[in-house]
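Once you've had a glance at the structure underneath, I'll fire off some questions.
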Amino acid sequence: MQITAQARGVYVIAPTPFTADGALDLASIDRLVAFYDESGVAGATVLGQLGEAAKLEHAEALQVASRFIQRARTPIIVGVTAPGFAAMRALARDAMDAGAAGVMIAPPNTLRTDDQIVAYYAQAAAAVGADVPFVIQDYPLTFSVVMTSSVIRRIVNDNPSCVMLKHEDWPGLEKISALREWQRKGEMRPISILCGNGGLFLDFEIERGADGAMTGYCFPDVLVELVRLAQQGQRERAHDLFDAHLPLLRYEQQPGVGLAVRKYVLMRRGLLASDAQRKPASAMSARAREEVDYLLARLARVDARARLDA
Amino acid sequence: MQITAQARGVYVIAPTPFTADGALDLASIDRLVAFYDESGVAGATVLGQLGEAAKLEHAEALQVASRFIQRARTPIIVGVTAPGFAAMRALARDAMDAGAAGVMIAPPNTLRTDDQIVAYYAQAAAAVGADVPFVIQDYPLTFSVVMTSSVIRRIVNDNPSCVMLKHEDWPGLEKISALREWQRKGEMRPISILCGNGGLFLDFEIERGADGAMTGYCFPDVLVELVRLAQQGQRERAHDLFDAHLPLLRYEQQPGVGLAVRKYVLMRRGLLASDAQRKPASAMSARAREEVDYLLARLARVDARARLDA
Amino acid sequence: MQITAQARGVYVIAPTPFTADGALDLASIDRLVAFYDESGVAGATVLGQLGEAAKLEHAEALQVASRFIQRARTPIIVGVTAPGFAAMRALARDAMDAGAAGVMIAPPNTLRTDDQIVAYYAQAAAAVGADVPFVIQDYPLTFSVVMTSSVIRRIVNDNPSCVMLKHEDWPGLEKISALREWQRKGEMRPISILCGNGGLFLDFEIERGADGAMTGYCFPDVLVELVRLAQQGQRERAHDLFDAHLPLLRYEQQPGVGLAVRKYVLMRRGLLASDAQRKPASAMSARAREEVDYLLARLARVDARARLDA
Amino acid sequence: MQITAQARGVYVIAPTPFTADGALDLASIDRLVAFYDESGVAGATVLGQLGEAAKLEHAEALQVASRFIQRARTPIIVGVTAPGFAAMRALARDAMDAGAAGVMIAPPNTLRTDDQIVAYYAQAAAAVGADVPFVIQDYPLTFSVVMTSSVIRRIVNDNPSCVMLKHEDWPGLEKISALREWQRKGEMRPISILCGNGGLFLDFEIERGADGAMTGYCFPDVLVELVRLAQQGQRERAHDLFDAHLPLLRYEQQPGVGLAVRKYVLMRRGLLASDAQRKPASAMSARAREEVDYLLARLARVDARARLDA
């Protein structure tokens, strides 16, 4: 079961659960997976930026990926971003052997020119193997690499194994429109476009032609409903749902501290046993926790999913 | 009338109005100023990042600043950020001579270490003159300069003429709390903290101790009401108002294209004769305009200020 | 007298002389110009990165440029790099009116993608006027903008008024070879390539096809001789001369402190009345001065031009 | 045998030898080690920036380190820079178990503020273990992290296991003087300072108080002699030797292509069987090879070590 250019829906970015003392918490993985499946996600992506991948040794990373793969009924994409192609190849090989559906690759933040970016993805595609479907992660805010629409088109057209774009440029709406226009004209091979950036523009991204979301907002069940409503053309209902969640979603989408917020809410939702991160960790102050609780309480008035036990 | 460390409320970031052919549009300045005064803003900041300052020759910049100063009943802060201290000094001197209430200074994006940032502000303070009140602009997303809370404290304590922080770090809530805590303990001279970053966290920023907002959201009248509600402790009403505007505010707070959105709405509100920018300009696509219109229409259901003639 | 794509030889980067109290030192400009002419330079570039341009108000900048223009028998290029096109246009217009031979434009360090760089130069060329010959400054070490050879070719082919490249990429030898190859094949309009980067690779750059140097090494008379020897094919003599100066040239080519070294040696050579810089200035320690004196003394054994009175 | 704050002399940065088809070339490692020992180096550093560490899987990296350790009579430092502390810890633990003398840690290029840098090294020191001596790598040109002298002092004073600075700031001479002055005054614990940056300022760095060199110039035997001469106070002879090698040393010290030059000369010296790099590799053009051959031929006139068979 490998990802293809036809992928649609929500691929949730999964956190890596730890116990309070920093050990891997496999039981929470199982709970997360069960919840994802029940929520109707199309798949999940593990060991991404927010999966604390850099805090895992190779064997641990593989253990996390394998657990998700074994438990889930949906495809699992594994983040294999690495400073060198050797580590990338090793993780991709082992993850695919374990049953991953594809890999996600973010660019190193030293790339600058168009040609450097295109060459990097060609080398990465070769490193992971031409038969391994991969996802471009286009997140300039975090990676400081600016990919024009033309660069993405070059990568897609040059590499048959590129099947998906994790779209999280900001602003990014016109990029979706440009890529889809090129597809229509036959100038770019069709790919799946799933949107990240915390979901901050997901309301309009689906309308612009994105196939779904790939982000880790602490209510993936809401993302699933939102994408479905938007794809069904129920514009008002989609925006109503989006707007209700926007205050919390915006709070979660803060660089650095966002992961702490996400794990905290997932813990309050009963999905994670602990909101612990491995060190070095971003932390929430008591004040920040109170703010998140307040946002949840306000949200609970209009969305029952936010009614959590205190 | 100079700004002081006691400044509170909303200092609106004013755009520079142009006619369709790129000429200065002084009549629109007058209309903006009248609207600002009527809305209850505490002041305005001109020639900032979004004031297209870099597209104005010195004489034009001075003409814009002077017009705002002459027409407004409130203090006008003038952005004097420049690549060299000579240009900064020249504009600061001329702006203060014209009646400005103070100047705003952003750091050049080449600064890296704490000491470099502190030294830069000492030199800038000397360049504009020790008697000229100045505002630190702390906007790492745009300027790529990361100021810790300690660095801000050093700048404040070293420079008596530093009276205000335009706070737009992201995340930035804990920074407000840290600075206010130092003030309470007497470790930092009190200053005014006004929040920017498009207002994206203004709901909680006031609660954390900020004195108000300094941003250019296309509904400055709403910002005034919001700050007042929050400062009066009417938490629910403040958040209700904020949440209603968040979808549009979030759309406006996109790097680059944000100014086009802002000018477009201000034009639709009848305040600008044209939404023209001087070149090089970010542009809105027809699709983006439709999206903004849709957000305005949704907003109009709950806030009459958004009921605009099509 | 305007610069053309046929320009050859040494265009010296001129410092801006100040008196000890920071005033413009016009007498030293006259002395520098007389020395440049006597040394056989083909021209000079003023108000560049090392001309402390950012420390001059517009009127002063114009005064410096005009003085060089009036006194020199050779073309004077004026640096007009600015954060906005308005200031760039104003200085370019005034400099050309004063008799400048062309302008030099460096890219703002916020440019990332190929298209951004190409668009910037198109806008800059329009801003200064299509009839004003301009020089691209390609100095990634300082400006953090990486221009591939292809990007330079696009700028050259798109803009007829682009006549020269100040080449200071590092490494940069292959770039010269690539550009010259495109010229030979008719794929790029011929331009003048003058090399900067302190002259650190000037020995090989001329051999690769560069037309000369544009740098501010404190022995411009040596640069003139070196370029002539290399262009005459006297390879051994050119390298002998280069190698003799390399220890000092390398010392001068230090970011930041380099200008202090340069002004110090020019003062010791009797060309500047003072080595003062306007604030903020990089300074030489006593130890650094001793090191430069030592390098000069060693150099003096093989090159009489370095025999300076202590 | 662990490195200490008293380390002196030359720690050569060792390349990782590959055969033409990309396999590890252990025989060349043995030849390199024998040559290093014979040359009188004090130690070697493997798996650094130029050791192509990112192209090695964990097991290979360990194999390379182990081979150097087993064969050398001197201490071997192992580069353990990694994007996450898990990978850093794993490699450090395995390398120390294999007999490494210490580890070298470069900062991730996302660090900006003083506090971030200090915190990073505290976390890294904890990750590798408080008993493992470590080296700070201060190379802003490559890592884009600017450490002031004060930041280095904080790291040294906070972490007893920090015993050495790989100094390669540019300019960097005043930093050596500042650190040594603090040592003299008792404000900073003494550490070993070994200089990198290709050796471009090694002539003066030893005079300023550095303990030696840590760089990979293709004539490590010359570095040994140079450091000895300088430490013996034979200033003229040290500078004569340095100046003779400067043209080649400067050519080698080009970002990116430098490794190709280095491996090419080491191959020509009979130390490497091949100058192959693993992909992605920087390559030398035929023209560049001719230039290096020319520099070697010129050097051979004054230094017999450069007389190589063509």
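Per-chain residue numbering starts at 1, and chain names A, B, C and D are given in the order in which the chains are listed.
To be clear about the criterion, a residue touches a chain if its C-beta (ideal position, glycine included) is under 8 Å from a C-beta of that chain, and two chains touch if they have at least 3 such contacts.
As the structure is a prediction and not an experimental result, all values here were calculated from the model.
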Sorted by label, the chains bordering both chain A and chain B are C, D
Contacting chain C as well as chain D are chains A, B
Could you let me know which interface, A-D or A-C, is made of more C-beta pairs in contact? A-D
In steps of 5 degrees, what rotation angle do you get fitting chain B onto chain C on the CA atoms? 180
Length of the line joining the C-alpha centres of chain A and chain D, rounded to whole Å: 39
Which integer distance in Å separates the CA centroid of chain A from that of chain C? 48
Junction residues of chain D, two or more chains touched: none
Testing understanding: with touching defined as stated, what is the shape of the graph linking the protein chains, line, ring, star, complete or other? complete
Which residues, counting only chain A, touch chain C once they are in their complex? 112-116, 146-148, 150-151
Which residues of chain A touch chain D once you look at their complex with the stated criterion? 53-58, 60, 82-87, 89-90, 109-110, 119, 123, 279-280
Residue numbers on chain D that touch chain C, as the complex places them: 170-171, 173-174, 177, 200-201, 203-204, 208, 239, 242-243, 246-247, 250-251, 254-257, 285, 287-288, 291, 298
